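Both of the next two complexes hold chain A, though its partner changes from chain B to chain C.
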Partner chain A sequence: MLTRKQKRSNWILVVIMIAASLFFLFPVIWMLANSFKPDAAITKDMNSFAAFVPPALNGSFFDNYVKILTDTSFVRYMLNTLFYAAVLIVLGVIVNGLAGYALAKIKFPFRERWLMIIMLLMIVPMETIITIHFLFIAKLGLLNTVIGYILPMIVNPFNIFLFRQVFVSLPDDVYEAAQLDRCSPIKYFFTMVLPMSKSVVATVSVFTFLNVWNDYLWPSLVFTSGDLLTAQIGLNAITSNDNTTMGQKLAVITLITVPVIIIYSLFSKQIVEGVVSTGSKEG
Partner chain B sequence: MSFIELKNVCKKYDKTDKNAVTDFNLAIEEKEFIAFVGPSGCGKSTTLRMIAGFEEISSGELFIAGKKMNEVAPMDRGISMVFQNYALYPHMTVEKNISYGLKNMKVPANEIKKKVDWAVKILGLEEYRHRKPKNLSGGQRQRVALGRAIVKNQKVFLMDEPLSNLDAKLRVSMRNEISKLHRELGSTTIYVTHDQVEAMTMADRIVIMRDGIVQQTGEPMELYEHPCNKFVAGFIGSPQMNFYNVCVERDGIAFSDGKRVKLPDTMMERLRGRQQVIMGIRGEDIKFDGQNLDVYSDTRQRAVIDNTEIMGNENNLYFEFGGISSVARVSKYEVSKIGDSVEFVMMPHKMHFFDPETEEAIG
Partner chain C sequence: MRKKSQSLLGMAFFGPALVLLTIFLFLPMILTLIFSFTDFFALNPSLTHFVGLDNFLQIFQDEEFRKAFINTVCFVIIIVPLQGLGSLGLALLINKVTHCKKYFKVAFFLPVVMSLAVVSTLWMQIYSPEGIINSILENLGISAQPFINSSSQALPSIAIMSAWQGVGYQMIIFLGGLQAINPALYEAADMDHATPWQKFKDITLPELKPLCIFVFITITIGAFRMLVQPMVMTGGGPSHSTYTMVYDIYETGTVNWEIGLASTMAIVFAIFVMILTVIQTIATRDKEGKDVDKKAEKK
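Then we have the complex of A and B:
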C-alpha cells in the first residue's frame, strides 16, 4: 500500500517522464507533421506551433510520399536493405550463435583466452578496420556484390558475447538427455539451444536489423551500382538532390525511421530480456 | 558374467590430487534394483555418470551386457536416464518430450503414438499431454522424465536423485510408482540418492559410498542389521544409531559418565583383548516397557527425558546418557513427558561394536 507521500512523488515522476519524452519526441513529431506539407507551408509554419501539426487531410496529403515512392528507387533500396537484413539475421544467428555456444559449452584449449580476444574486439570501432575489409573484399573481386557486402558483416563479437552469456546458463543435463535421445550436437543447437534462447535470438536479430538498416559507411564503400544500394545510401542520394523538396526529404526520412520505431516497439521486451539474461549467470 | 559389471573403476578429475571414485567394484544382475547412497560428494553421482558415459572412466572397466563400454557413446550404451532436475525440453509439450527420442531412433509414427499413449496412461499424464513443462508441477515433470525414459525400451535405467526436488508427500508416492514401474518393466535400475529411506524402501541391494570409496554393498536389512563400519551404521536408519565411547570391563562396558552395563559372556568374548570400543545401538533397541525391563534387567538404566518428538505412529525420546544426547524410538502408546525420569534397557544382542581407531565393526 502506497502512502500519500509516495503517491505524490510517483505522480511527479510520471509528469517529469512525460515532459522528457515529449522533449525527445519533438523532432520526430516535427518531421512527421511536415512530411505531409508542401515546402511553402513548411516555411510558413516554421516559427509557430503549427510546425508540429499535420495539414488537414485532403487530396494532396500524401503527395510527398507518392512522389518519393513513384519517382525514385527508394522502394527498391528499402527492399534491398530488408533482404540484406534478413540474410544477415539468419547467418548472424547461426554463425555467432555457434561461436557463442562453443565458447559457453565446449571445452577446448585456451577457451577463456579466445573469449577475452573476442571481448577485446568489441572495443575496436568498425571504422578502424573498414579499410582492411574493403581491401580484402576488393582483392576477392567481390566489390559491388551482395556477397561482398554481407561477408564482413556476419561475424559480430558483441553478438557472440551475447549468445555466450545466455548459453552458459543453459542446463547441461538437457544436453545429456538429448544425447541419450540420439540428438546430434548440431541438431541439438538448432532444435534445443536456439528455441530455449528465444530472447537472445530476438535481441541479436533486432540489433542486426538495426545495424543493417542504419549502416551507411560500409554499403557506400562496397556498392557502386544503383540496383544494390541500401536505404541509407538512397536516403543520401535523394536528400542531396536539388530537385527534392523539403517535404519530400522529410517524407523519405520518415519512411526510413518508421521501421526502426516499429521494430523497437514490437521487440523492446525481448531486447531487454535478452540483454538482461546475458548477465544472469556465469558458468 | 553379470549384466552390469564395474571392475576397479576410478575417477580422477584433472588438477585434483584425490580420486572422486576409487576402485569401485560391483556386479549387477539383470532386473536388479540397485541404489547408490551416501552423503553429498561421496562419488555416487559420478559413478552413475561414468556408467551413463557422461564422465570418462579414468581407470578400470565397465561392462554392460558383456560388452566393454568405456569408450562407447552414451546413446549406444542401451541406457535411459532420469535426471535430478528433470532435464525436460522446455519448449516441447509433454507428448513431444516423450516421443523425441523415438523420433530420432526413426521409430514408425504409429508405433511412437502407441508408446506415448501407453506411457502417458501408466504415468497418469493423459490430461497434460499437450502442456509444456513450465505448466506442470514438480511431480508431473518428474513423471514426464520417467515417461521419456521408459518409452525407449532400454534395458538399463539410471536415476540420479530423481525425487530430491519433490515435497515429502509426493516423494513417498513417486517412490511407490518407480518401484512399481521397475517391477512392470523388468529393467535393471541404478538409483542414486542421498536419502537412505529411499534406498532402503526401493532397492534390492544398496551400495553405500563415502569419499569415493564403497563402504558396504548388500541387501537393505543386511546393511541395517550388520553394518560393516560406524559410517554405515550411522548412515542407515532414522533416527541415527546412538554411539558411545565405552571402556571394556571384565563383565560389561562402562560409559564415559561412569554408568555400567553388564553384558552376556558371549558378547564379552567378542570384546576380549580390547580396552576401548565404540558401542552403537539403534533407538528402537532401547526399551522402556516393563516386560523388557525384566528380561534385560542387567542393562537397566535411568535417565531424564529432555525432548520428545511425536511422530504419530511412534515417538522419539531424547535423553542424556553415556555422555551424549541419546535417542530412543518407542511405540505411540509409550508416552513420556519432558522431565520424566524413566528406566530403560539396552538390548545386548542388538549392540554393535566398532574399533575406535578404524571404526570397523568388531566380531
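Then we have the complex of A and C:
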C-alpha cells in the first residue's frame, strides 16, 4: 500500500517531469508553432509567450507549407530519397542476406575466417574510406548519378552479421525436406528463409531507410545538381536560399521529419528492440 | 561430391557481397594505408612520390589539423558527461515515474528521430542573434549572446545541441538495462530498510556499470566522428573554432584533392576510433563473463 506521502511525492515527480519535458522540447514546439506563421508574426511573437503558440486557424494557416510544396523541388527530393531507400532496401536484403545465409548454413572454404573478417570490418569507421569512395566514383565518371550514389552503400558488414545471427538458428530439417522436393537453393532462400525471418528483414529494412533518409555526407559529395538531390541535401539548398523565409524554413524541416516519425511509430517495437539489443547483447 | 557442391553454393551466395566488400571496403582500406605514405595529389597523379612518415610529421605540425584535433577532443570532453549523465538521469527518473511513462519516453526520444542536418538547421534559427533563446535571455535581463557566431561559444553551443539530439537514444538503452535488474534485489534492500540513495549506490549503479561503460564509449566514438553539425551551421568557423578531424579529412581529400594527406589523417582518426572500439569490446566481454558466472552461481 502506498502511503499518502508517497502518493504525493509521485505526483510531484510527474509534474516536474512534464515541465522538464516541455522545456526539453521547446525547440520542437517553437518550430511547429511558427511554421504556420508569416515572418512578421514570428518576429512580433518572439518576445512573448506567443512564440510557442500556433496562430489562429485562418486562410493563410498553411501558406508556408503550400509555398514549399509548390514553389520548390522539395517534393521531388523527398520522392528521390524514397526511391533510393527502396532500391537500397531490396539490394541490401538480397546481397547481405545471401552472404549472411552462406556464413550461417553453407559449409564453404574459410567460412569461419570470413565471419571473423566481417566482424572486424564492423569497427572500421566509414569516414576513413569515404575519400577513396569519392575518388573511385569520380574516376568512374559516376558523380551525380544514382548508380554512383547507391553502389558503395549496398554491402554492409553489420547487416551481414545481423542476418547470419538469425539464420544460424533456423532448423535444418526444413532445408532437407525442401531438397527432397528438388527445391533449388536460391528458390529456398527467397521462398522459405526470408519469409521465416520476417523480423530481421524488417529490422534491416527500417535501419536502411533511416540511414538513407538521414545521411548527409555521402549524398552531399555525390550529388551536385538539383534533380537528384536527397531530401537532406535539398533541405540545405532550400534553407540557404535567401528568398526562403523563416516560416518556410521551419515548414521544410517539419515536413522532412514527418516520414521518419511515421516509420518510428509503425516500427517502434523493432527499433526499440534494435536499440536495446545493441546496448545489451553487444554491449 | 556433396562437399564440392556445398563450397560452390557457398561462394555463389557469398560472392556478390564479397565483390562489393572488396571494391568498397578492402581496396579503399589498403589504398588509404598506401596513400598515407605518399604525396598523392588526385589532380596530378603522375607526380606521386613515396614520402615515408613525412605526412604523419606534417599533419601534427599543421596548424589546421592540430586545431581540428584539439576541437574534436574538446567536443568529446563537453558532450560525453552531458549526454551520458543526462541519459542516465532521464532513464532513472522515467523508470521511477508512476504516470505518463510512455509520453516521457516519446518526448525525450523525439530529437533522435530528427536527422543531424535537420536539427542543425533548426538550431541555427534558435541560436541566431534575433532568435528565441536570445529573446528569452533578454526577458530575463541577460544581454544577447553570439552563440555559433563567436569562436569561443560556437563549439560548446554545438555540443549542447548535439547532446540534446542524442540523449534520448542512450536513455532507451539505460531503460532497457534498468528493467533487466532483478527486482528481488530491491525487495531484499527494502527489508533491510535501505535508503533510496543506498539502493542506488549499492544495487542500481553496480548492475548498470557495464552498460555505462558501453554507453560512454559509444558517445565518445560518435563525438569523434562529428562533422555534419559544423558543416551545416558554421562551415568550421568562426576562425576554425568548430573545425573537426573528420571535417579536415573531408576538405583535404574531396575539396583540395590532397588524397595523400587526407589518408594520413584518416589513419590517425581510425586508430583513435578503433582503440575505443576495442576497449568497448573488452569491457563488454567482461560483462558477458560475469553474467555467465551469475547464472552458474544460481544453479
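Following the convention adopted for this analysis, the second predicted complex is superposed on the first by the 236 of 283 C-alpha atoms of A that agree within 3 Å, B and C clash if a C-alpha of one lies under 4 Å from a C-alpha of the other, contacts with A are read in each partner's own complex, and residues count from 1 in each chain.
Throughout what follows, a residue touches a chain if its C-beta (ideal position, glycine included) is under 8 Å from a C-beta of that chain, and two chains touch if they have at least 3 such contacts.
These figures come from a predicted structure and were not determined experimentally.
Touch criterion not met for A:115: it reaches neither chain B nor chain C.
Shared-chain residue A:171: touches chain B; no touch with chain C.
Contact with chain B, but none with chain C, is seen for A:180 once the two complexes are overlaid on the shared chain.
Once the two complexes are overlaid on the shared chain, A:99 sits against chain C while remaining clear of chain B. Of the two partner chains, neither chain B nor chain C is touched by A:29. In the superposition on chain A, A:131 makes contact with chain C only, while chain B stays out of contact range. Taking chain B and chain C in turn and counting the residues of chain A each one touches, the greater count comes from C. When both complexes are overlaid on chain A, the residue A:196 reaches chain B alone and has no touch with chain C.
Shared contact residues on chain A (touching chain B in one structure, chain C in the other): none found.
Of all the residues in chain A, the ones that touch chain B in their complex are 171, 173-174, 176-183, 192, 195-196. Listed in rising order, the residues of chain A touching chain C in the complex are 10-11, 13-14, 17-18, 21, 24-28, 30-31, 43, 46-47, 51, 94-96, 98-99, 101-103, 106-109, 111, 114, 121, 123-125, 127-136, 151-152, 154-155, 157, 160, 185, 189, 213-214, 216-217, 220-221, 232, 235-236, 239, 246, 249-250, 253, 256-257, 260-261, 264, 272, 275-276, 278-280, 282-283.
The residues of chain C lying in touch with chain A in their complex are 3, 6-11, 13-14, 16-18, 20-21, 23-25, 27-29, 31-32, 35, 42, 93-94, 96-100, 103-104, 107-108, 110-111, 113-118, 121-123, 125-126, 130-132, 135, 138-139, 164, 169, 172-173, 175-177, 180, 210-211, 214-215, 218, 221, 225, 227-228, 231-232, 246, 249-250, 253-254, 259, 262-263, 266-267, 269-270, 273-274, 277-278, 280-281, 284, 287. Taken in their complex, chain B has these residues touching chain A: 52, 54, 73-75, 79-81, 83-85, 87-91, 100-101, 104-105, 148.
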